[in-house]
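For clarity, chains are labelled A, B, C, D and E in written order, and residue numbers in each chain start from 1.
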Amino acid sequence: MTNMNTEQWSPKIVAFFCNWCTYTASDLAGVSRLRYAPSTRVIRVMCSGRIDPEFIMEAFAKGADGVLIGGCHPGDCHYSEGNYKCLRRYDLLQRYIEQMGIDTRRLRLEWISAAEGKKLQEVVNEMTNTLKEIGPSKIKHVVETIEK
Amino acid sequence: MGNDKPKLKLAVYWGAACGGCCVSVLDVHEKLFDVVANADLVFWPIALDVKYKDVEEMPDQHIDVTLFNGAVRNSENEHIAKLLRQKTKIMIAYGSCAHMGGIPGLANFSTKEELYKRVYEDSESTENAQKVYPQTETTIAEGKLTLPNFYKDVCTLDQIVDVDYYLPGCPPQTERLVEVFMAVVTGAELPPKGSVIGAGSKVQCDECKREKVNKSGITRFYRTWEKEDDGKTCLNEQGFLCMGPATRNGCGVRCVEGNAPCRGCYGPLDGIPDPGAKMMSAIASMLNEKEEGDIQKALDTVVDPAGTFYRFSLPGSILRRKQS
Amino acid sequence: MSNQKEEIRIGYYVCHCGHNIAGVIDVKSVAEYCAKLPNVVVAREYKYMCSDPGQELIQKDIKELNLNRVVVASCSPLLHESTFRGATSKAGLNQFYMQMVNIRENASWVHESKEEATEKAKDLSRAAIHRVAFNKALEKKKVPVNPTALVVGGGIAGIAAAMSLANAGKKVYLVEKDPTIGGYMAKFDKTFPTLDCAACILTPKMSSVLKHPNITLLSYSEVSEVEGYVGNYKIKVTRKPRYVKEELCVGCYDCITACTFKEGKFPDEFNFGLSKRKPVYIPFPQATPLVAVIDEKTCIHFKTGKCPQTCAKACERNAIDFTQKPEVVELNVGVVILTTGFQPFDAKKASNYGYGKYPNVFTSLEVERLVNASGPTEGHVVLRDGVTHPKSIGIIHCVGSRDEKTNKWCSRVCCMYSLKLAHLLKEHSGAEIYNFYIDMRTPGKGYEEFYDKLLNEGVQFIRGRVAEVNDWATTPEEKGKLLIRAEDTMIGMVRRIPVDMVVLAVGLEPGKDAQEIRKMFNISCSNEGFFLERHPKLAPVDTFTEGVFIAGACQGPKDIPDSVAQAGAAAAQALALIDTGHVELEPNTAFITEERCCGCQVCVAMCPYTAISFDPVKKASSINEALCKGCGTCVAACGSNAITQNLFTDVEIMSEIDGILIN
Amino acid sequence: MKYLYFPGCSLKSSGRSYEESLLSVLKKMNVGVEEIDDWNCCGATNYMAMNERNAIGITARNLALAEKQGKEDIMAPCAACYMGLLKTQKYIETEPKVKETVLTNLKKSGLEFENTSKVRHPLDIFINDISLDTIKDNVYAPLKGVKVACYYGCQLTRPYATFDDQRDPQSMENIVKALGGTPVEWPIKTRCCSGSMTSTVSEIGLRMSYLILKEAKDRGADVMITACPLCQFNLECFQGKMSGKYGENVKMPVMYFTQLMGMAFGLDKKELGLHRMLSPELSLS
Amino acid sequence: MTMKSTQNNLPLQEISHESDLDKNFGKHIAKMAHGEKLFGCIQCGNCSASCPMSVYMDHTPRKIIAMIRAGFRDEVLSSKTIWLCASCYNCTVECPKGIKITEIMYALKRDAILTKNYPKGFPIPILSRTFYNEVKRSGRINETSLLMKYYFSYNIFKSLGYAALAIKLFFTGRLILFEKGIKNKAGLKQMLSSSKN
């Protein structure tokens, strides 16, 4: 990717999608042939409540430009309340990330139901554009390079 | 213990540290006699007059055990860490700072420039009209003076050299040190390289005597002076931020026994790369609120999350330091 | 930690899916790239991996190349995971050593740039190759299926589904929220396009339901709580008090005749308020069960406590019981079929058509009752005043439908029922009939022929959406009439047509309790609010919750034949599940490693299913596998990493993250 | 209570009595009004037909002037001005390219614009800020037995206004009831009066206004009230012409709703600009 | 559709081949009107039916949309329909597909003026132009001056029919002969001159 200029640069987003809502929505977006930016790399989990903050930090440390979490709408969790646990962790994590000097827009949580293929498309496009505005993440470089 | 066996050669060194670790070594009290009976202290800047040059002259692998305490903060720390590594059979990261970065590691929230400005210009007790900052080399009439280079990042020991074992704590429990020492002396089978030794294999709560009520979730957090501890209920359930659920035991739950929340100096259990992340996950999970606004309000009572959850472990955590 | 490390041997297979994948992704270069990744023994591309030869390819490689891991890059795992797991296990390898990569729905179908889609396919494949090395051999747990079914909703779909299951010898509970089953179909006069009498074909079915030894009918009841999982649901049903003992009442009408109210006084729900009923009533003569019900909102006894209770005195069988309370019944069932139906669009929301403002604007459902021989006017078509016969009638299609401001969808049945009503109105009243439609939709057996018939009957058709109905008379002849303004788009002229009566063909909407039901049964809704099927083509009656099926208009607007067909399909799916006798559960449950557990009990509060309990003696918690549904929320909350979720272990997910990012 | 007042061109000429009556009524109810300094024409419908950026631009200038003058809501009594201001706000909000040009152009004439003001029609203000109760309190001579046809016209409720129902608005009816009068139920109160068509294609324009007057009369209205200077002008000033042309007397009092309020409040005819009216006078017995 | 006479005096459509259509016209107008939804029209005719002017139009609004979409550019731009739109927005708020029909009509007016394609001698475009210049000149509209100028460029005799009304208005103080205009005319002018449509 070294020869790509910033205009063409496409961010890499690690996306954690819950099996029941957002992953299904991304299938629906596929079936409906909704075009969106090829930035996401989806990791399927059963519930957004499974998402450990460590996963998010690992993703950033290994070079993700953004992390997107997709879960069921409040009240709609397939497991009753996993999405609330996710939201609480996310809210705390946002504060931590900000303190760590990371643009909070690099981490995003969205509720996308199984029927919202269109929303998935919009969210991915929007986040991709935002990340293009912010530019490539330097987190990996900072983590790997001890400055003397 | 027979005297025919050659005595162990022991070194203790401090990097970026407060000295507490060295004191903890002294805290062996009368056991020191056992130690001295079995070991020769070949290098210990705080207690012995041994020069770096003497160490440099030692053959490789000359020292049996080095207890390296303190983080690596400057070129001198790094130089000695590498030197000792070369001369030592068993390199032990001793104490939280060498293990995970420790309190000095909190400097990774700031840049070197910010730190210098604070220390050499802004601090209340400083008069420095000429804005003189430390230089690695200064030439004066008598010749050249040097200072170690102050690094931009604080590092854990294992980010600089290969470490055999970790002995956690701020400071480590002296009893644990004696146990480890005796194990080495008696030639007991040592755990696999890279292990944390002199500590437990579960987290703090395992030994904690406080009760779990498990009634309802937390709606806000308190700092210790904001509310009276009832003395018996789990501190987290009372809303005090206790790092116990994500912190390795072995200290004997020292802080909670003294009615203070655990601050996490023993670090995480094996296989957990980031104790702060784990603790954040556990703490946030305990919250009761569902509405975004209520959650934010509850989280407002967590003052300085990064500093709280990474008090001892920032340089050793996944993200390591603040982005600048 | 086992030191005996097995050598990982991965076979990688990327599917062309015809042009679906290969048309966008350069599968050859993906296969070549993956062949060079660590542990990959073989990497192949093939036209259709899910085909028999495709599966055989994997099986052959497993045997000949001694593979112990398989990665298949093709479509969504929600579609073909079971296919490839089956192929893997047939070759003697544990099925969970197979990892799928979704490069169709998640890549080739949604991206235009071939380079970037190919790049993404490589990243995702690399992630799976990293991950699969850590996959563990697992076994699916078999649980028995309770051979009893629950059908929720007693309209035509519910009746049909219940009958199919019952006839197959399965015990069925049919729950209906109204005092009688029959749903909307019981209110119709004729059905399109055959014009056979709705009651004549429906009422025999209703009584068969009641008589069937395998069906327990719980009318005037609602599901209030759902617990459990496929094969083993525990359902609580709340039976609303009728204040009439169902087992004693014979439907003789004596109580109704004896009621203190000499005449009906309250809007009759069954006739959409076109007639009046008493507080004690039977919805209609063929109501099933034929049992009276007392409406506490209008009964004097409940309002004042000062009623002579003539109804109770008149009942020889002492069936009336004013002390009845809501009663909760607990049912254990293995499968559930939801047939909860729809609600008609509220015509008042289309305020430009003046429903509620101009008395002679009717909804299509009101007209169903008006033309019905057993309806409030005995089939005479009269205006709201009850006497005047309309000489001209306008039927407006698409009311509430195909409109961004109300419901975007086509309600599918309105064109046909409007044609039916046009025919019946003309037959009953001889009036001039105008149909205002946007597009005439008659896709069904005999439907277009029915349209032809209407055209030849002299019914007028105007292709144009009505903008407004009002009483603005600009000529003396228009006085007292309703004016319908629409463009006759075939001519390109705007017309204002005066009529005596306006019929609004209201569309179909999700039932008003659809959201509640959906949450109880843990299923999803589409954007419109209808229940969402598992797959629009291949699993139209399944939901994302195993063992819960849907049929009829709760899934989307549907006519009677389609509802009945879907009910049959749902019943067949339910039967297949019951007759298999057991279900295999995905082993994604979590377990606690006791040696690591400190007993902090943070996890206990995490679990919505109370699957985690703390043992004070062992000072450790443990998970009841039968109760665990496998969300993994407790795993993320454990500060000791003492909890592991099968199929989604930390190391599996971490290796997937690293695989995506480490190039 | 205070508002920034955007009168618009008509209220300074043919619609003077609207301004006079509005200001008198507001004064009676102690509501402060401050005219926006150096306001310009809103462009009405004609500007949009010529040049979109300029149509948005000139209206944005007024909004920018208002922002400079104060934080209060803007009161725009003319329906066309009201709609034009709302439309400009919407365009600035949703069309980034239009916004860019307009902001650049405004900057050239030394104006900053943040699009923060709220634009209100007097009807909205009377109902939602002042309240019907306060109106009732000010009634001196209740309009007992007076049947009033409330005519809204088009741009007052469509497409951007949100203070009332778009199909069947009730604000004026509620005011009439508060004044003690009886509103007439009629179906064409938001039907267009034809706008400037009375001067351009008068055959169409006059007929459309005629139909409105005729229906009000047929429904037994004693008076028609309006809230837009152009509607008012069309319905008031051509009554003779229409009556002759269509062979039916459609003469009736047509006045601004503020004039009717003023009459019920017992204000002086001159204060209400009633002496300027060309349609028959409404007599309160 | 515009008809033209041939030698045989038989009417013939001007557009006789698909290649005569302006296939980009739909996109062009949609862009001008900020209304991509134009292409979602289902031709239900609700716009025509809700329009108070439609009975006077040469093409109904629905048909105009169809013609735009198909590319009948000249026919659309020269139609009276677009000038008869009184901008009452009834079609816009009633359209079941959310098409901004009024804005499309405005866009057509602008396009017709830009391409000088509007019906010659038809009064409404002339009023628009006069109004536009009047505001540009003084910042405000003086109805007297506007109408005098309008009638002057349209048909001076037409104004005579309104003389009696003008006199009445004058004596009731509703006809202002001189409007000073705004103070900052220069600023306004500069602002207006700099933006092309």
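Here, a residue touches a chain if its C-beta (ideal position, glycine included) is under 8 Å from a C-beta of that chain, and two chains touch if they have at least 3 such contacts.
All values reported here derive from a predicted model rather than from experimental measurement.
The minimal number of chain-to-chain contact steps leading from chain B to chain E is 2. Averaging Cα coordinates per chain and for the whole protein, the chain whose average falls nearest the overall one is A. For chain C, the chain whose average C-alpha position is most distant is B.
Distance from chain E peaks, on a Cα-centroid basis, for B.
For the pairs A-C and B-C, the count of C-beta pairs in contact is higher at A-C. Centroids of chain B and chain C (each the mean of its C-alpha atoms) stand 58 Å apart. Here the spacing of chain C and chain E, counted between their Cα centres, is 50 Å.
Centre to centre, using the average C-alpha position, chain A and chain B are separated by 33 Å. Within chain B, contacts with two or more other chains are made by residues 272, 278, 281, 285.
Taken residue by residue, chain A touches two or more other chains at 52-54, 58, 85, 89, whereas all remaining positions touch fewer.
In summary, the structure contains touching chain pairs A-B, A-C, B-C, C-D, C-E, D-E. Here chain C touches chain A in the complex through residues 76-79, 102, 104-107, 109-113, 116-117, 119-120, 123-124, 127, 519, 522, 524-527, 532, 536, 544-545, 588, 606, 608-609, 629-633, 635-637, 645, 648, 650, 653-654, 656-658, 660-662, going by the rule given at the top.
On the side of chain A, the complex with chain B involves touching residues 52-54, 56-58, 60-61, 74, 84-85, 87-89, 91-93, 95-96, 99-102, 138-139, 142-143, 146-148.
Considering their complex, residues 351-352, 470-472, 474 of chain C touch chain D. Chain C contributes residues 595-602, 604-606, 614, 619, 633, 636-641, 650 to its touches with chain B in the complex. The touching residues of chain C, counted against chain E in their complex, run 352, 402-405, 438-439, 463-468, 485-489, 492-494.
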